[in-house]
Amino acid sequence: MSVILLVEQTLNGLQFGVMLFLMAAGLTLVFGVMGLINLTHGSLYMVGAFAAAAVAARTGSFLLALVASIAGAAAVGTIIEMAVIRRLYSRDHLDQVLATFALILILSEGTRWLFGSYPLFLDTPPWLSGTLMLPFGIEYSIYRLSMIGAGLCAAAGLFWMIARTRIGIQIRAGENDREMIGALGVNISRLNTLVFAIGAGLAGLAGALIGAIQSVQVGMGEPVLILAFVVIVIGGIGSIRGAFVGAILVGLTDTLGRFALPHLFALFMDASSATSIGSSLASMSIYLLMAGVLLLRPRGLFGAT
Amino acid sequence: MADPILDVRGVSKSFGAVTACRDIDLDVRPGEIHALIGPNGAGKSTLIKQVAGGLAPDSGRVFFDGQDVTGLPTAARARLGMGRTFQISSLAMEFTVLQNAVLGALGHRGGVFRFFRPAMKDAGLLARAREALDQVGLAEFEALRTSELSHGQRRQLEVAVALTLEPKVFLMDEPMAGLGAEGSHRLMAFLDSLRHKAPILLVEHDMDAVFTLADRVSVLVYGEIIATGTVDEIRANEQVRSAYLGDEALP
Amino acid sequence: MDRETGLNLALLGVMLAIPLWAMAADEPFLVTLTTRAVIFAIAGIGLNVALGFGGLVSFGHAAFFGVGGYAMGILASHAQGYMPLIEWPILVEGTKSMPVIWLTAICASALTAFAIGALSLRTAGVYFIMITLAFAQMLYYFAISWPAYGGEDGLSIYLRNAFPGLNTMDPIQFFAICYALLLAVLFLVARAARAPFGLMLNAARQNEDRVQAVGQTPYRLYLVAFTISGAITGLAGALFADLNRFVSPSMFSWQTSGEIMVFVILGGVGRVFGPVAGAALFVLLEHVLGGVSDYWHIYLGAILLAVVLYARGGIFGILTGRDTANG
Amino acid sequence: MTMKLKMKTLAVAASLAMAASGALAGGAKVGMITTLSGGGAGLGIDVRDGFMLAIEQSGRSDIEVVIEDDQRKPDVAVQLADKMIQSDKVDVLTGIIWSNLAMAVVPSVTAQGKFYLSPNAGPSALAGKGCSPNYFNVAWQNDNLHEGAGAYATSAGYKKAFILAPNYPAGQDALTGFKRFFKGELAGELYTKLGQTDYAAEIAQIRASGADVVFFFLPGGMGISFLKQYADSGVGLPVVGPAFSFDQGILQAVGAAALGVKNTSQWSKDLDNEANKAFVESFKAKYGRLPSLYASQGFDTALLLISALNKADVADHDGFRKALEAADFASTRGAFKFGPNHHPIQNIYVREVIKEGDVFTNKIIGTALENHADVYAAECKM
C-alpha cells in the first residue's frame, strides 16, 4: 500500500463525491424549498444518460451530448413537476414517497420501452481519453480529472446562483418562509418548477458524465439515488453546503473503505477471508457512517436544529 | 407562610445573542393563583417551557415539591404533578372529547403498556374523565370530535385534561384566549375555586381576569421580572406602569 | 354493524372463498396466489402498526421481513442438512417445525426492530425515513456477501416445514395455516389498537406534546410499537419463505420495503383491515397486469399514482367515503 | 434396489415397444420462466427468441410454450413455477437466466417430478450434491468458462494474474474456477460490491500490482463500466474474461474499449458448423440482430427438447430422460454431449473482440479446453 496508491484513491473518492454532489444538490434543494422527498431523482439521472447517449450516437459530439443530458432531464423534470409533483408539496412524506416510487416504475419501464432492454453506448471523447502524469509519479485519468473539475464548477455555479442572484434570493426565502415569498409577489409555482428543473438538469448532467465511463441502462438511477439520500441526510436535508460536505465524505469513505478494509483485515486473518469480510464491511460502510452521524446529530451535520 | 410548591431560582436562557430570560426568580405557593403577565415577546412562553420541561435553562434551577426537576424531561415532571395547558391547543384532534379526557386519566393512572382490554371500556378511566369534563362544562359534548370544537371549548378541554392528572400545580398558558365573555366568566369562576385544589401559575393577557383572580402578579419585561406583588402593589408600581401598562387606566 | 365492519367481513369471506372454490375447480395455483396475498397482508399489518397507528414512516421494513425469512431458512437448512446450528456451549439443532420457526422469527425480528428502532427513533421525519432505509440496506449488503447461507443465491428448502397434523405441501392446508395466523394477527392488532397502548400511541401520532403533558414518553411508545411492528412483519417473512421454500437477500431489498408500504397505502392507512385489502389488490394487479404486457410496471405505477393523488384513504377510503380511520 | 431396477427395465421395454409399434411420441407443454422486464431483460429476451425460433423451425404445433416474466425476482420465479406446474400443468420447465433464481426454482421443480432444462444458469450445487435425474443443463456449469479463461491465461504464458469478481457466490465460484486452471501466481485478488459501477479504486490497485494479465468476471452493467474505465485508465495490461461481458448484446455498449480482449465461450457466431450457420442466418432474418450466446443456448435447449420428444413421450419419464441424455441433436456449438451429472461436456473456445464494419463482435482464435467437463460431477449421485 504505497503513498501514490493512497493519493490516487483519494482522487477517486473525490471524483465520486463530486458526482454525488451533482445528484444530491437537486434533491436537497427540492426538499429545502418545496419540502418534497423525491425518489424520482434517480430516474432523471437515467434520463440524462439516455439523452446523452442518443445525441452522441446521432451527432458524435460529446459536448452536445452533455447539453442534451441537461436539457433532456430538465425537460422531463419540468413535465413531471407540472403534471404530478406539484400536487404533492402539501402532502405528507408518506404520500410523496409512494407517488414518486410510482413515477420510478413509469419512467424506468417507459425508458425501456423507448430504448430497448440493452445498455446503450456512450463513451468519453477522444480529447479527454488517456491519462495525465501528475507530480510524484501519479498517473491519473484525464476524464476523471475533468469530472472533478466539471463537478466543482457546477458546484461553484450553484453556490454563486444561490448567494448572488435573484432566483437564489427567492430560493433562500422559500426555504425560510413559503408564505412570505408569495406575499413578495414571487410566483411560487413558477419558482418551484424552476428549482425542480435545475435539480433535474444537474442530475441529468451527472448521469451523462458517469454514463460515459459506466453503462447506460435502465435501473442505473436507483443505486445512485439511495447514495444521494445518504449524502443529504448526512449533510442535513435542505442544506447545499451539507450536501457538498456529505457527498465528499461519502465518496471518500466508500472508495477508501473498499481499498483499505480488506488490507486491514489481512493483518490478522488469511487473505481470502479478509478479502471477503473486508469487502462485505466496505459495502456497508457508508450506511454505518450515516447511522453514526445521525446518532450524534439527529438532523445531519448542517441541518437546522 | 407555607413553602412554595414550585420554585424557580435564578433561571436564565438565551438564544444566540438574544436573552429570553435573565436571572428569574418566581414561586408558586399552595392555594394561590400566581399570574405572570408581560407584553408579547417578553419571554413568558420560554419561561413556561423551562418550568414544564422541554427547554433546559442555561443556568438556574427549578424546584418542584421540594425536588430539583431542572434536568427532568416533560413527561417526568407531568407525572410528578405538573398539570399544563397549552397556549396553542395541543389536543389529539382526531379523537373525541371523551377520548382526550381518558388520555389524561390514563396518563395519570399509568399502565399504558396494556394491549388487550379496550381503554374506552375501562370504568375507572371513564369515571375520572367524565368528572373532569363535567367540571369544565363539556359533559354534553363528550362524543364530539375534538376538531369540531370551538376554540373556547378546546381551552376548556385542555383544562379538563389537566384536571384528570390531579396535579399539584397547574401551569396555564393563556386559558382565556378565544373565549367569549360568558365563557371567560365561567372559566374564571371555575379557576377561582380550583386554587384550593392546587395552586395555579397563570400566564394571561386578559387583565380583567388577572386582576380578579390573582393573589400575586409577576411582571416579565424583556426577559426580566421587574416586579412581583399583590394586585394592589402591582397597580401602584410606577416601573410597571411605565414599562408595560403604559398610560392606560388600570382597572 | 357499520359499513366498514361489513367490508372487513366481506373481505375475509372472499379471501376464504377463493381458495375453497379453487380447490373444487382444480386450480391449485389460485390457492397459492391467495396465500401470497394473505402473507403480504400480515406483513402490511405489521408495518401499519408503526405507520398507521404510530405515524412512523418506516422505509426499511424489508429488514424485518428478511430477518423472519432467514430465521426460517437458517433453521430449516440446518435441519435439512443434519448439521447442528450451534455446538458450543449448548447444542442447538435446526428445526423443521413451523411453530418453533415462527417463534424464532418473531423473536429475531423483534430484537432487530428494537435495536434499529432504539437508534432510529432519535430522529424524526425525513431523517427517520432515510435511516430506516439505511439499516435495511446494511442488512441487504450483509446478506449478499455473507457466504455461510448462500449469499446472493439464497437458500433453498426442498420441502415446506412441518406443522403437527397437517400436510403443508398441500396448497390448501398451507393456506389454512396462513389464514388462521392472519385472523389471529388481525384480532390481536385490533385489540391492541383500542387498548390503552393503542390509544396513547395514536395520541402520540397526533400530538407528542399532549402525550408528554399527561406524563408519558412518546419515544417509549414508538419503540414498543416499532418492535411489535417488526415482529409481525418478521412472522410474515417466515411464512413467505415457507411459501416459496426459498429465502434470498431480495427479501431485504428496498423495493420490498416499498412494496410493503404500497400494501398499506392501497388499502388505507391506519385501518386495521387496510393492509389486507391492499395486499389482495396488489397481488391481483401483479397477476392480471403481468399478463397484459412486458411493460406492465407502467400500468402498476399509474394505478399507484392515481391512488395516492386521488384516493387518499385507499380502497377503504373509496368504499366508506371517509379518509381516515377515526370517525 | 432390485425393485427399482426392474421398474426401470420395464419402462425402457415399454418405450421401446412403443417406438417399435410406430406410435411416435406426442407433444408437450413447456413452461418458460425468464427475465423479460427490468434490468437484465435482454438476456431473457434472447433466450426466449432463440428457443422460439427452434420451435418454429421444427414446425411442431403440438409443443405449447407458456412464457412468463420473473422480473429477476426469486420469489416471483418460484411462484411462476408453482403456477405452471399446478395450473398450466406443464411437463417441462426452462428459461431461467440467473443462478440464484435457478437455486430457488429447480430443486422444487424436480422434487415435483417435472423436467427442467437450463438454458443458462449452472450453479455448482445443482451439478454436484444437489444434482437431479430430471435436471439437465444445456449451457454450462458456472465454472466452465472461468476455467477456460484460466487455462488460456496459462497457455498464453502469463505469469502473474490480477483477478476480480463481485462478492457473491457466482463471483466466488468464478475466481475459484479461474485459479483451478491458472498455473501462474496471483498479483492480487479482489471482491467488489455486487452492482458496483465505479472501479477506479480497483483499477488503481491493478496498476500498482505488477500483474501481467487481468481476469475479471463482472456480468451485465458492471462489466461495461469496468471495461470503459479500464480502457480509459491507460493501464493497458491484457484482459481475459468469460464471454458474458463480451456478448453480442452488450458489446455495442462497451464499444472500442473491448477491442482485442480475449474471452472464453462454448459458442461463437463464427463457429464452423452447418447448424450454427443456419442458426445465425435465420436468427438475423427473423429478429434483425445478431444472435448472442444466450440466444444460441435458448436455441440448443429447444433442439434438445424436440429431439427427446421425437424419441419418447414426455409422460414416460424414464424413456424421456434417456432421450434427453442421448442429446441427439445438431448443436450450434458442434459436438455436444452430457456428462453423468447432466451437464455438458464440450469445448471451451477463446474468442477475440473485433470490429466488423460498424458492429463489434467476436471471432474464434483457439480452443482453451477440449471436451471439458465440470469438477462437480464426481459429487453427483443419481
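Chains here go by letter, A, B, C and D, matching the order in which they are written, and residues are numbered from 1 within each.
Here is the rule we use: a residue touches a chain if its C-beta (ideal position, glycine included) is under 8 Å from a C-beta of that chain, and two chains touch if they have at least 3 such contacts.
Predicted model only: the values in this text are computed from it and were never measured.
Chemist: Hey, which chain ends up farthest from chain D, C-alpha centres compared?
Modeler: That would be chain B.
Chemist: Find the most central chain, measuring centrality by the gap between its CA centroid and the centroid of all protein CA atoms shown.
Modeler: So the chain sitting closest to the middle is C.
Chemist: Find the geometric centre of each of chain B and chain C from their Cα atoms only, then give the gap between the two centres in Å, rounded to an integer.
Modeler: Spacing between the chain centres: roughly 44 Å.
Chemist: In whole angstrom, how far does the Cα centroid of chain B sit from the Cα centroid of chain D?
Modeler: 76
Chemist: Which whole number of Å gives the spacing of the CA centres of chain A and chain C?
Modeler: Spacing between the chain centres: roughly 32 Å.
Chemist: Between chain C and chain D, what is the separation of their C-alpha centroids in Å?
Modeler: One centre to the other, that is 36 Å.
Chemist: Touching two or more other chains, which residues of chain D qualify?
Modeler: 37-38, 41, 167, 172, 191, 193
Chemist: Note the residues in chain A that touch 2 or more other chains, in rising order.
Modeler: Counting only residues that touch two or more other chains, chain A contributes 108-109, 112, 276, 279-280, 283.
Chemist: For chain C, give me the residues that contact two or more of the other chains.
Modeler: In chain C, the residues touching two or more other chains are 141, 144-145, 147, 295-297.
Chemist: According to the definition of touch, which chains form touching pairs?
Modeler: Touch list across chains, by label: A-C, A-D, B-C, C-D.
Chemist: Over in the complex, which chain D residues touch chain A? Could you list them?
Modeler: Residues in contact with chain A: 37-39, 41-42, 45, 167, 172, 189-193, 195, 197-198, 200-202, 204-205, 207-208, 220-222, 224-225, 228-229, 232-234, 249-250, 252-257.
Chemist: Would you tell me which residues of chain A are touching chain C in their complex?
Modeler: It comes out as residues 31, 37, 84, 87, 91, 93-95, 97-99, 101-106, 108-110, 112-113, 222, 226, 229-230, 233, 237, 276, 279-280, 283-284, 287-288, 290-291, 294-295, 298-300, 303.
Chemist: Any idea which chain A residues touch chain D in the complex?
Modeler: Result: residues 2, 4-5, 8-9, 12, 15-16, 108-109, 112, 116-121, 123-124, 129-131, 139, 141, 143-144, 210, 212-220, 223, 255, 258-259, 262, 271-272, 275-276, 279-280, 282-283 of chain A touch chain D.
Chemist: So in the complex, the part of chain D that touches chain C is made up of which residues?
Modeler: 36-38, 41, 68-69, 73-75, 78-79, 82-83, 86-87, 99-100, 103-104, 107-108, 111, 123, 167-170, 172, 191, 193-194
Chemist: Could you list, by residue number, the parts of chain B that touch chain C in their complex?
Modeler: Of all residues in chain B, those touching chain C are 52-54, 73-76, 78-79, 84, 86, 90-95, 99-100, 102-104, 106-108, 111-120, 122, 145, 161-162, 164-165.
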